[in-house]
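Common to both upcoming complexes is chain A, partnered first by chain B, then by chain C.
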Partner chain A sequence: MASLPEDNVDMHAARRASDHESFLVHRRMRWARIAGALCLAAFLGYFLIDQQPRPGGGSWYGYTLGTIGLGLIVWLSLLGVRKRNMSEGRWSLKAWTSAHVYLGLSLIVIATLHTGFQLGWNVHTLAWGLMMLVIVSGLYGVMVYVILPSQMSANRKETTRAQMIEALAAIDRQLKQAAQPLGREQSDLVIAALEQDVFGGGAWARLTGHYPRCATRRALDGLPDDFTTMADNTGPEERVRVLLRRRDAQLGQIRRHLRLKALLEVWLFVHIPATIALLAALIAHVTSVFYYW
Partner chain B sequence: MPQAFQVAIIGSGPAGLSAAARAAALGMSHVLIEKADHLSDTIFKYQKGKHVMATPSNLVLRSDFAFDAGKREAVLGMWDRQLAEQKINALLNTEVTAIEGEAGNFTIGLKDGGTIAAKAVVLAIGTQGNPNRLRIPGADLPHIQYQLDDPGEYFDEHITVIGSGDAGIENALGLAADEAQRNVVTILNRSADFARAKGANVKLLEEAEREGRLIVRRETGPAEVRPGELVLDTRDGQETIRCDRIIARTGSQPPRDFIEAIGIEVTSAERSAFPRLTPSFETTRKGIHVIGALAGYPLIKHCMNQGYDVIEFLGGNRDLKPADEPILAEKFARLPGNRSVDDWLAIFGRNILILQDISPLQLRELMLDSKVHAYAPGELIFARNDTGSSMFAIAQGSVTVEVNPDDSSITVPIGEGSIFGEVGLISGRRRGATIRAAEPVVAVELSRTAALRLLATSPGANRAVTRISIERQLLQMFGSGLTAQDVAALVESAEVKTVRAGEVVIAEGAEDTDVYIVRRGSMIVEKQIGGRAVFLSYLPAGSYFGEMSVIDDVPRSASVKAAIKSEVIRLPGDGFMALLKSNPKLRERALSDMASRRAINAFVESRKGSFGGAVDMYSETAQFLVDNGIGEATDVLLIDEKLCVGCDNCEKACADSHDGLSRLDREAGRTYAHLHVPTSCRHCEHPHCMADCPPDAIRRGPDGEVFIDETCIGCGNCQRNCPYGVIRMDAKPPPKPSLIQWLLFGRGPGPGEAPYAWRKHAAEAEGAERPKVAIKCDMCTGIEGGPACVRACPTGAAIRVAPEKFLSVARLEGAD
Partner chain C sequence: MTFLIRTIDHTASGREIVRERMIEQDSLIIGRAAENDIHLPDLAVEQQHVRIGTAPGGMLRIEAVGTLGFSLDGRSADAATIDPREGGELALGSAILAIAQENGGPVAITIRQVEASEGKADVLRSFALASTLPGKRALSWAFVGLILIAFLAVPVFTHLTRDRIAPDAAREGQVAFDGSWSTGRLSLAHHGLEDNCEACHVDAFVSVRDSTCQTCHQDLGEHAPSPRLAHGRAPAGMGDAILWSVAATFGKEGPGACTTCHTEHEGPTRMEPASQKFCADCHASLDTRLTDTALGNASDFGKAHPQFKPAIFTRLQQTAPVRISLGDKPREANGLKFPHDIHLDPQGGAARMAIRLGHVGGSSGGYGSPLACKDCHAPNAGGIGFAPIDMEADCESCHSLVYDKVGSTFRTLRHGDVRQAQADLAAMDRAPRRPVVTGRSRPGQFARGGLYHSNFGPPVPTLVGVNRALASGGVCRECHLPATRNGMADVMPVNLTDRYFLHGGFSHAAHAQEKCSSCHKAETSKASADLLLPDLKSCRECHLGEDAVKAEVPSGCAMCHSYHVPGGPMPQDHPARARENVAIVNRMGR
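Right, the complex of A and B next:
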């Protein structure tokens, strides 16, 4: 066979700088290793250093852990800005995400050791609790980012959102035409299906994919296959039935897509507000500590 | 018989109008003949309100007609006024069917049977062509039309559309769109399916048919037209239907057929070739002149200047300098010696081998698209791995080629009159070697377009370039140590062969012994294992293959077929063997190449048993990528849908990095095994978009990116020519409020491409109208950090790859 052209050295490969690997394993898990080392160091310090009067935020070691934790939290919350600010430079959002995940997880160790396990009903523990909420919601996020994309890709079958909606509209136009010869009762069912807001049903329906009041289903139930008249399965009823089945399938695809998108995004409705609350609680925590010094 | 006109000008586009105006100003008796009922039909057919541009801006307009960039309506209105003011003798609704006679005594035959006598003829008919007419009984009845301007103006009619292409389908759908018009629309198709139309149009048509909005008759053609009726030839015999109006959209006759029919020679057999012209635009048929788009000048200003010039020449003004003279003078000003434009043109025409048999007019035109350089001895002309698709010709002096990347002291000379850089032009790949001036050099750099036009118009230049490029490719491929004499015999017996996409060059098991070099395009290598074709590797231009059977004297061990339309150089096996025998070094090199290839074969064979599924998967994925244009790509964006969360941050980053418009559509495009090829530029080796760009605004940049510069006139040719649909036409919106303002105060639309309504509103608020221009990926050239889409992907789903890297068997090693 063959030789490649000799001068094929890709001097511009660095420009592409896109190794085919996920944010979780970015650069042979560089950030996981850094975060792990950070946790290990924090643990060793906690058990080796004799903290006086007792382990907690008040000792010099506690202050150190607290400062590291605060710095990390502020930096981690800046991911939202980094993502939206398309400035020039050799940064990659993948590296940022990778660091965000692993350094965020390391906060479980760093901040908990900072507390010295002194938890109670106060603003300090509120900050710790909010932080844990942010981390747990983030963990959910990592999980769905790993599991759901391939499902979404399989469901999409190369169609775009706009094409899915357009396909539904095309079926609806045909359905309207085909339902003209039907009787009053049956055409009411079809009209109800066409008039229904097919995506209504609230957040629960969106997240579970269950639409119990789906008028298309009902119309299908109301136009059952009539096995006694097999000979006449090309009549208007059969045509409407076929179209309703196609509509049902098309709705199913759109709803699955919406469900997966919702599952991929729902955690941000906890993660982001909790982060804002955490930053507020931290301000209260830090101010009160210095105020009562 | 009335008095003969001094000149008859056929076609009233910018070129024809300008010529008629000049004739009127000189008091020359003239007639301007236009087939439509309005002037300038091509511009007339632009969409309403389209912004007509006036590039190149450095070209001076020399015409009695005014022209400046503006809306289509303003331009046409102005010309209508000036036509009346300047007392131009124009005949509308007059179609020319024949031109007979000779210089000084032409008879122009008209469609209505009349004739016009003229001493000279100027053809300015553009490239749009005439629609094909029906050729059945009754085809001259008045209710047949060949164009549909406004589908909304017909009511209560039975209308039949003839033609199954996009134009016919779009017309039929338009006529049936509004039920309130109560038209009965029928579309006829001679075959059973609509193979010539776009998929989306066929889908719309079939949907309209199901809904009963129109009637589609397949395997049916028209047989006879009668008043109020149409007789059809159907599969089951003849049938007559009611028909008040017929719209025939059966393609058009290119103007080239017309000019060939009246005996004008063109420069080559290619469909796109131009007529052969003298410096005064005269064709090979004395007295008939061709100007404008048909002569190869698609820009309005060029056309208008030529209209002026051709009449001046006819009027006896032999000293007229073309309007491009100042542009050339400025170009040549940087050359040493203070010579005039004519002197330099004479030097180029005399010294440069490939410019020797072209006309002075062609040379001038070529120089407009080219650059001239003067280099001092030792000065770098280009470096290895630079991108560039231009070709250089040495007018004075000589250069040296550094053939060995590790040792710049090993050089090969190229002398006066010869060319270099032709590999980049032919293969679309990076420069293969560094070139420096050896003594003071004056060189002409022909842009890709100019060089391709030269090769198409001058057979001599084409032969010379082909020979030189084969020789150089051989020398470069086999490394140093070979001289031109060593390969001379092989070059002589070499043959360039064009292969279609998918065509097999070497069949597995065959016993032929030729060796091939990929000259342009790319190849894929496949091997039958267990009854399945397993993809072995991808060969870009510059690779060679087929040497194994020659050296080992065994049948072919794998098949090689073209991934896209390609060109290969075929070298006879015995000639290749003779070369190996006389060059032990070369033999060594070939053997080591073979060893690595045997290793791949062995690897695939061994893995087949242990993870056959992975091998299949790899083969099928590779085939999918080749089907989606990776075979002609240089750099392509892929999305791993196992990682993509659909955040569209890639699109947002793209819009925010470039004028607020996204150049990629993440969701659209094909997917195989979760590997998605989004609608985004592949930076093809031979970009389809470059093929027909009037201002030559599409070029290849230093990182290999294909980009559109600011001289774009918004004609939309590139959008139509791109097979991957990655070019969009849109107006650049005004800048958005900053990110901080959005984050804190909610001002503006936020990150990413602003919605259409916001862009429209902001543009209106700004006042000045921005024209629609072509927009495509430029690989974020000039942006530090590289492509924004990849940098902005939070999960690592978006990757940019070069095909030869991505399609390597190395991927299999990690595939279990």
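Right, the complex of A and C next:
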């Protein structure tokens, strides 16, 4: 600190403080308060303004809310562009993300009041539904970003992903060696276990952590505990069994990691395509309204 | 302890060279220095890196000698104990030392060089969920294409390439997939156009035009001539002016357009009548702009509405009715004598006669009880008003015009034709016959010579009898006023009003739950000159303005008034709405 120029102390202190501040509580939740005020204003307007003949997107208040909503959606979707550019300070990415989350949530109120609760099977409700899907997936994303990273680091136990793979490779090399004395049938089980792709199984298996066709587990089932050799613990089968168990444990750690990572990433596969689809639906929504004016 | 050290090298051609040697020692040192038990020529390995010693129970103890650790089964460690029978893999730099012991033999340490693990980054990439799902970008483009084609390109293309034909509710629309653009179901009146969007939405980006509405609704009356209509409209407030300027920018036709009042896509209900605000825009202060108007200002039935001005005949022999405010307590001159009170008095002579006629059960009678309003006033078709009073049907069962009896047939004077009646009386057979009234004669006016029929017949000279019918005390004068036409005795022409309110509709059927007397004070009316119409105050007992919360029936202008046909009958759907409202209010806790 002493080496820092005097006039920069505050700036550096502020920066350090902000380093450990989540985007959710950025600047004492400035954007949460702004978004809350926006919702409150929209609510008050909805209940105080007599929209004739009934509330909806076609009254002047409906058009106003719709315009605000459209502007917000376009701006929110620009986060994808913004985050690829570095900047600091007032328009830091953290401020931007904070605003993205809270203004995004305020859209639930603004856009729903814009509909006047007139929902049906049409392109207008499609846009509303896509928007809600985007918001709900975003909400899920924020939640898993809060909850899952600690579980993830607990599972990793200070190993890196490369080390997990390396450990599995080490076990596999020993397994290949240890399985040399085995018979045909048992060798095939070991080969199947060794050949199976750790990252196979598809998205569903990753998300659920449930791998019904795990060859390692099958190999373990095909090499049942032999209690006669248990005592000296020296037979080649027992050695393979020990290695397979070790492989199973290592696979378990990798799969838990894959599951947490999948849960952490899956929302983006909804959030991003749904956002782009929403932009298309909004184009259709606005164009159709003015086309059949 | 015996260690079997097996070194596996590869020749340039890829052939394996295996060298084996036995070491009989309690512990081994592994490192880069040549004097170590196992020598690894790798800069990443320290001079003395790892010591492998024995541990109790046949276990092996592996410890780092220096500060650098080692990798055991893929994990970094500084020290570890392994069971050589289970085996283990020690990685130092680029060398891998596989430790194994088989069936109590020597501990074998197999040393080989690691093949450079290529594509390691690819392996790490496999950890991402993206490796198992289609790309976000591909998904996005797929959705965008689907939405833009189905919900934009197809409707727009088919709309632009359709045949331009007149709107036809019987046809399906030609534009494909534009149902997805509909913001709500159409009103019941327009239900036939539900699948025919282009019937109203004719041109792209052009708002629905009045001319399009008029292709079907061509016979609608004009509320007022257009210039007068525009002149009468109040200047818009600042908010409205801004809204209309925005609307004009987007091509809306303006405040007088059909769609301003008649909004559509509000669900499958009756088309909503225009709200009171639309009328009040002009009529709240109409006299300040149209100084010649005869209409009073009106903006809310409960708060600002002029007193009713029924059209009535105020003088005898008037040719056209005049409109006059009920506040001026007008008297009607319809040319008839008709005291309602005498007829409706349940103890009076009229009541007795009605009861007696019921007992007789004559062809024209059948009252059987004191007279009620319905005995003379029959509702017209639809129940909105009443059929005109008809002398023969409504009066004659008591006020008989029978003047003679031939055999079993009664001869009746022709009502409504004075000359014909006079001719009938003059031509009556002079031969004496029994009086029409049978039974015993009463004293007084019904004494001999004073009998009804003999007053106009023999033995008194005929002309005298004829004149007596129209003279004071004669049968005509019971109801009619005397008059002289072309020098001859006649009755005053009768002007009975069949529609009092010219600019407002009123449905009696919609008020069926009320008694007649709650609005019309007929029981106490002594003369036909009494105007028995309820006034504004009386209506306001139930009806107040559109947004009057406490009113039994909140009533907008359209409940009684029609915009397009100001003097025409009430719009068909309003009584039904009124009844619904009454029912709702009643259910709400009265």
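Miscellaneous remarks
Simple rule for what comes next: the second predicted complex is superposed on the first by the 267 of 293 C-alpha atoms of A that agree within 3 Å, B and C clash if a C-alpha of one lies under 4 Å from a C-alpha of the other, contacts with A are read in each partner's own complex, and residues count from 1 in each chain.
Definition applied: a residue touches a chain if its C-beta (ideal position, glycine included) is under 8 Å from a C-beta of that chain, and two chains touch if they have at least 3 such contacts.
Predicted model only: the values in this text are computed from it and were never measured.
When both complexes are overlaid on chain A, the residue A:Trp91 reaches chain B alone and has no touch with chain C.
Comparing chain B with chain C, more residues of chain A are touched by C.
Judged by the touch definition given at the top, the superposed model places A:His26 against chain B, while chain C stays out of reach. When both complexes are overlaid on chain A, the residue A:Leu48 reaches neither chain B nor chain C.
Judged by the touch definition given at the top, the superposed model places A:Ser150 against chain B, while chain C stays out of reach.
In the superposition on chain A, contact is made by A:Gln174 with both chain B and chain C. By the document's definition of touching, of the two partners only chain C reaches A:Asn122; chain B does not. Contacts of A:Arg161 after superposition: both chain B and chain C are touched. Once chain A of one complex is fitted onto chain A of the other, the partner contacts of A:Lys83 are limited to chain B, with no touch recorded for chain C.
Applying the stated contact rule after C-alpha superposition, one finds that A:Lys261 touches each of chain B and chain C.
Residue overlap on chain A between the chain B contacts of one complex and the chain C contacts of the other covers 161, 170, 173-174, 177, 261.
Of all the residues in chain C, the ones that touch chain A in their complex are 71, 73-76, 85-89, 91, 96, 98, 100, 102-104, 110, 117, 120, 123-124, 126-133, 136, 139-144, 147-148, 151-152, 155-156, 159, 178-184, 197, 201, 204-208, 243, 246, 250-251, 263, 265-266, 272, 275, 277. On chain B, the positions that touch chain A within their shared complex are 207, 210-212, 384-385, 405, 429-430, 432-433, 476-477, 479, 525, 536-537, 539-546, 548, 557-558, 560, 593, 597, 600, 635, 640-646, 649, 652-653, 656-657, 665, 667-671, 674, 676, 703-704, 739, 743, 750-751, 783-788, 790-802, 804-805.
Chain A makes touch with chain B in their complex at residues 1-13, 15-23, 26, 81, 83-86, 88-94, 96-97, 145, 148-150, 152-154, 156, 158, 160-161, 170, 173-174, 177, 261, 264.
Interface residues of chain A facing chain C in the complex, by the touch rule stated above, are 52-54, 56-58, 60, 118, 120-124, 126, 159, 161-171, 173-174, 177-178, 198-199, 201-203, 206, 233-234, 236, 239, 242-243, 246, 250, 257-258, 261-262, 265-266, 268-269, 272-277, 279-281, 283-284, 287-293.
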